[in-house]
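My questions will all concern the structure given below.
As written, the chains take the letters A, B, C and D, and residue 1 is the first residue of each chain.
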Amino acid sequence: MAVHTFEPTRFHPTIGSHEPVLRIRDGDTVVTWCVDAGGHDREFKSVTPGGNPQTGPFYVEGAEPGDTLAVHFDRMWPNRTVGFTGKLVAPWVIDPGFVSYLPYERNAGQRPSPPTEPHVDLWDLDLEKGSIRLHTPRLGLEALQELKIDPMLGCFGVAPPRGQAISCATSGQYGGNMDYRGFTQGVTVYFPVFVPGALLHVGDGHAIQGDGEIVGTGVEISFDVQFTVQLLKGKKSNWPRGENADSIFAAGNARPLDQCVQHATTELMLWLEQDYGLDYRASSILFGQCIRYDLGNIFDPAYTMVARIEKRYLPPKRS
Amino acid sequence: MAVHTFEPTRFHPTIGSHEPVLRIRDGDTVVTWCVDAGGHDREFKSVTPGGNPQTGPFYVEGAEPGDTLAVHFDRMWPNRTVGFTGKLVAPWVIDPGFVSYLPYERNAGQRPSPPTEPHVDLWDLDLEKGSIRLHTPRLGLEALQELKIDPMLGCFGVAPPRGQAISCATSGQYGGNMDYRGFTQGVTVYFPVFVPGALLHVGDGHAIQGDGEIVGTGVEISFDVQFTVQLLKGKKSNWPRGENADSIFAAGNARPLDQCVQHATTELMLWLEQDYGLDYRASSILFGQCIRYDLGNIFDPAYTMVARIEKRYLPPKRS
Amino acid sequence: MAVHTFEPTRFHPTIGSHEPVLRIRDGDTVVTWCVDAGGHDREFKSVTPGGNPQTGPFYVEGAEPGDTLAVHFDRMWPNRTVGFTGKLVAPWVIDPGFVSYLPYERNAGQRPSPPTEPHVDLWDLDLEKGSIRLHTPRLGLEALQELKIDPMLGCFGVAPPRGQAISCATSGQYGGNMDYRGFTQGVTVYFPVFVPGALLHVGDGHAIQGDGEIVGTGVEISFDVQFTVQLLKGKKSNWPRGENADSIFAAGNARPLDQCVQHATTELMLWLEQDYGLDYRASSILFGQCIRYDLGNIFDPAYTMVARIEKRYLPPKRS
Amino acid sequence: MAVHTFEPTRFHPTIGSHEPVLRIRDGDTVVTWCVDAGGHDREFKSVTPGGNPQTGPFYVEGAEPGDTLAVHFDRMWPNRTVGFTGKLVAPWVIDPGFVSYLPYERNAGQRPSPPTEPHVDLWDLDLEKGSIRLHTPRLGLEALQELKIDPMLGCFGVAPPRGQAISCATSGQYGGNMDYRGFTQGVTVYFPVFVPGALLHVGDGHAIQGDGEIVGTGVEISFDVQFTVQLLKGKKSNWPRGENADSIFAAGNARPLDQCVQHATTELMLWLEQDYGLDYRASSILFGQCIRYDLGNIFDPAYTMVARIEKRYLPPKRS
């Protein structure tokens, strides 16, 4: 149960079977940091090209395809005081006939790079108070002068199978760029293991984000991250699962959103059967009246929906 | 500002330009009731064929196409103590390759009719305590022996244009079967007016419902309903809007869910421009970090997503 | 087997349970005509509001829910020499980020009305030669000075169930605005019967149309139409089916296109089981290597895909 | 303009920036072969794991991001006499409520491996006659005892950007597993170049295939392939384009099919502007009445639709 401090020097714009930067064991903790989505560090200096560059991958000893890797995020918190956001709702998030009324520049809907005004909006954080405000006050948006931050990781996951290396713009069964507000500190995320060592990547911190990440960004910012891994040998899973104090949930990543819902609902039913002994009739009764769906992103190549159930509705977990 | 008590005797399985049952004025209140989705009244007697039969339509004097009709739901509450629910998650809400593992009968995904065991699950309500429990206790679902009810209307709306009469199975710009948990008592719903008199219909009470209405029902039950109308002359709207103590929101009804998000987001942007003076750049900044999306139904022919923003983020409403 | 000549005087912008204009019998033929999509007759005079106004409905004696109505289109042909088309590809048929580059006016993607320059492009027909040319020649489009017409009906169908009346903008199991190029003269179309008398409607002639009807129109023009009905008592069908000299096919109407494919494929499998004795394993083998899919419309509220199989691959039809 | 004969010994289950197997120049021709989708060679021996293993990549000297690579398929033809096909229409291609009626085994919708009865259906080819028949005759499918082959490549493309390596199960702007019947011999395919050398991969021969590849396979078989490359320096393209004797076309790869149509239509409009001088108003007029859409696959993670226009409608190509 060692604690590793890892100082990254290289960042990957894909999640894949890259050379591990560190080998860790079941129960180990890693203290590290990640650049922002545009490749800027805590000094807001560009240290790598943009596109949600990842810290890692971390090789977990003993992890094999067919296992599940649990990653508890002990801490994730911005480590600088300036963040940036996209300027307009993406054209695919509004009515096609309405697109002409928004002042899009060329490359509408691309993630902004470089992250400097006037290409983005800047935000100022007060890390002691945990507050954030829009850098340039704007009439009618006075409320944005005093928001609470709610830090989350937008993009992280394990290496996909078949030697794939997949752009950090998108997501899949292996995780990736899900941009779900529920991936905050204190959450445990469970990934199916597809390759030996699992190969965990982390990146893309957001100080705050609306549902859907519809301007293509949260408040993009570099993060300090600390996580602890647990290896669940022989435990089967198909999609990222998560657990916090109140709920368990599963994320589906695909297009259209309908298919995300299918993946997430199915994975949650399988989980309830596996760990809580509820057959599909029982989980149907429960879900029908108690399930919650959260929207991750509706911006990236694969969208994300999360199916969630509060723990208070569940029977005791089977040992 | 009269208060009308209306005792329905006939119910419509479509929302359309039917003969009005009552003519009311701007500011009037109506106290009435509606049968459950299967056409059963407060005695659980079948009084009309199923399919979300509607009470109404109510003709609002002076309402013309191009206006908006505000409907404040003063009260909506179950008026009997037995409700029913569908038995299995609909096959289109789970992975296609997983469908074979659920014990579907023929007509999978149809709304259950008649609502008697073994075709449905029954639920018992305690209307004084506001609690509900699964009629036949089931191992592992002990938590369903003591839930709080959270009454909502699944299907209601105004007559669509062009002389249409549209099945209460589905929804559109005129409202309809949206099955959104946010349509509770205390909410004000705003509808675009498409025909003279607006022609308001109400029905399909749910004592409680999960997001998505994925078993095809909430706890279906007959309701007492009281509402008050306000006519907003010359006020333009395109999709159902809503307002409660904390939030304003807009509903988009379509398939796939992606398109619902487009409709709802666009309508909310238009509303913020119209009433709060926020141009599209401003609403983009706000939505990017603060918008919330809620899933209405992912069961009906048209799905429903709601875009919502908390009022605390908004500037004062323009008079 | 009477031949009726019917002169329409009233037209419906919805398909529904309207008062029949004529009662006919199994085997009867009707000779009639229909206005263009904008409500103009053979003199290009406006005689009714636009929106694919329908001639009919025709009541077929003895038709009951659960039957299938066969409609053989003996003839459908333009009856004037001027047609019109929309001016731009609809914004939902191109990449969202590309929409800003097309010169949309307000109301992008709406069907044009009135159909006069500059709101539309006009086309001139030579009905003897069966040719058509763009009225105002345009550099680079010289080929459009000499096209062959290929007349088809865009919108027709039978009354939907539950007393519905559905806008002629859209389509469903009852037919409607499918805008499929395969609905030409010589084709037999089979509709499920939902209401007594079936209530057949016809309208929306196109002199020619590209796949998808992506500018919102074919060459819109008034038509002479002659059809002969056959009543298939007790024959079950769920979606519009068609048959021509070479192929049998089924149309699925929904969004997204994926769902159209599901409806059409399923209906064709059911048809092969019903009339050709092929079980689902057999039709899978056949479809896997021989099926064809045609795009109807990708413009209307419900899109249309057609699953088609050539008759030469089929065993003899069971009597 | 050398002719290279290349004997592959290693095959890639992804398309990506793998070590080139051969460096070729603009104008060069390559004569090579590829294994079938399951990794079997001309002797039907397993030589590599399944999943559309690719021959290549071939490095084209001088190709740089921003160029377009033209690949003319001089010849593609089966090189053995036994092929295999999946047994059932995939569950996501039929109505969700109909899935329960097909005899799916576990792992429904997966590509079959190993390709031996009873896991697949086998087919026998006569390469001299160019005919194919179902190995085990089946009542009602007598027509499948004498089909013509129509050989095509299911999966091929160039390396995607950002160091990605993407599973040959899917497709994107770089090509990949499009399973489009139009990719036959004689066609020229144009790919955007994303990495130096372009890195062309080829594989996944089908002796014949229905639209949509709805059983998850065409008749899967090993192929001899000969192609000639042409480098179009500085020529911009975004999606795979193709050209045959009669038509030019563009492929869009995504989900849902609606989005494929958007990509394909946009790419074809851009092409007509670029090479034929048609502005968007002109291409709208043309497409509205003359465009054709073909379905590639509706089986793989990304679906494929092709927008196609016949050359006879086009003005002369600009030099």
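Please note the rule applied: a residue touches a chain if its C-beta (ideal position, glycine included) is under 8 Å from a C-beta of that chain, and two chains touch if they have at least 3 such contacts.
Since we're looking at a predicted model, the values are computed, not measured.
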item: Centroid comparison with subunit B (C-alpha atoms), farthest chain; value: D
item: Of A-B and A-D, whichever chain pair has more C-beta contact pairs; value: A-B
item: Between subunit B and subunit D, centroid-to-centroid distance (C-alpha), Å; value: 46
item: Inter-centroid spacing, subunit D versus subunit A (mean Cα positions, whole Å); value: 33
item: Sequence positions of subunit B contacting 2 or more other chains; value: 92, 96, 255-256
item: Chain contact topology (line, ring, star, complete or other); value: complete
item: Interface residues, subunit C side, partner subunit B - complex; value: 12-14, 16, 51, 160-167, 254-256, 259
item: List of subunit B residues in touch with subunit D within their complex; value: 90-92, 96-97, 99-100, 104, 107-109, 256
item: Footprint of subunit B on subunit A - complex, ascending; value: 85-89, 92-96, 98, 101-103, 121, 134, 138-144, 147, 208-215, 217-219, 255-258, 261-263, 265-266, 269, 276-278, 280-293, 295, 298, 303, 305, 312-315
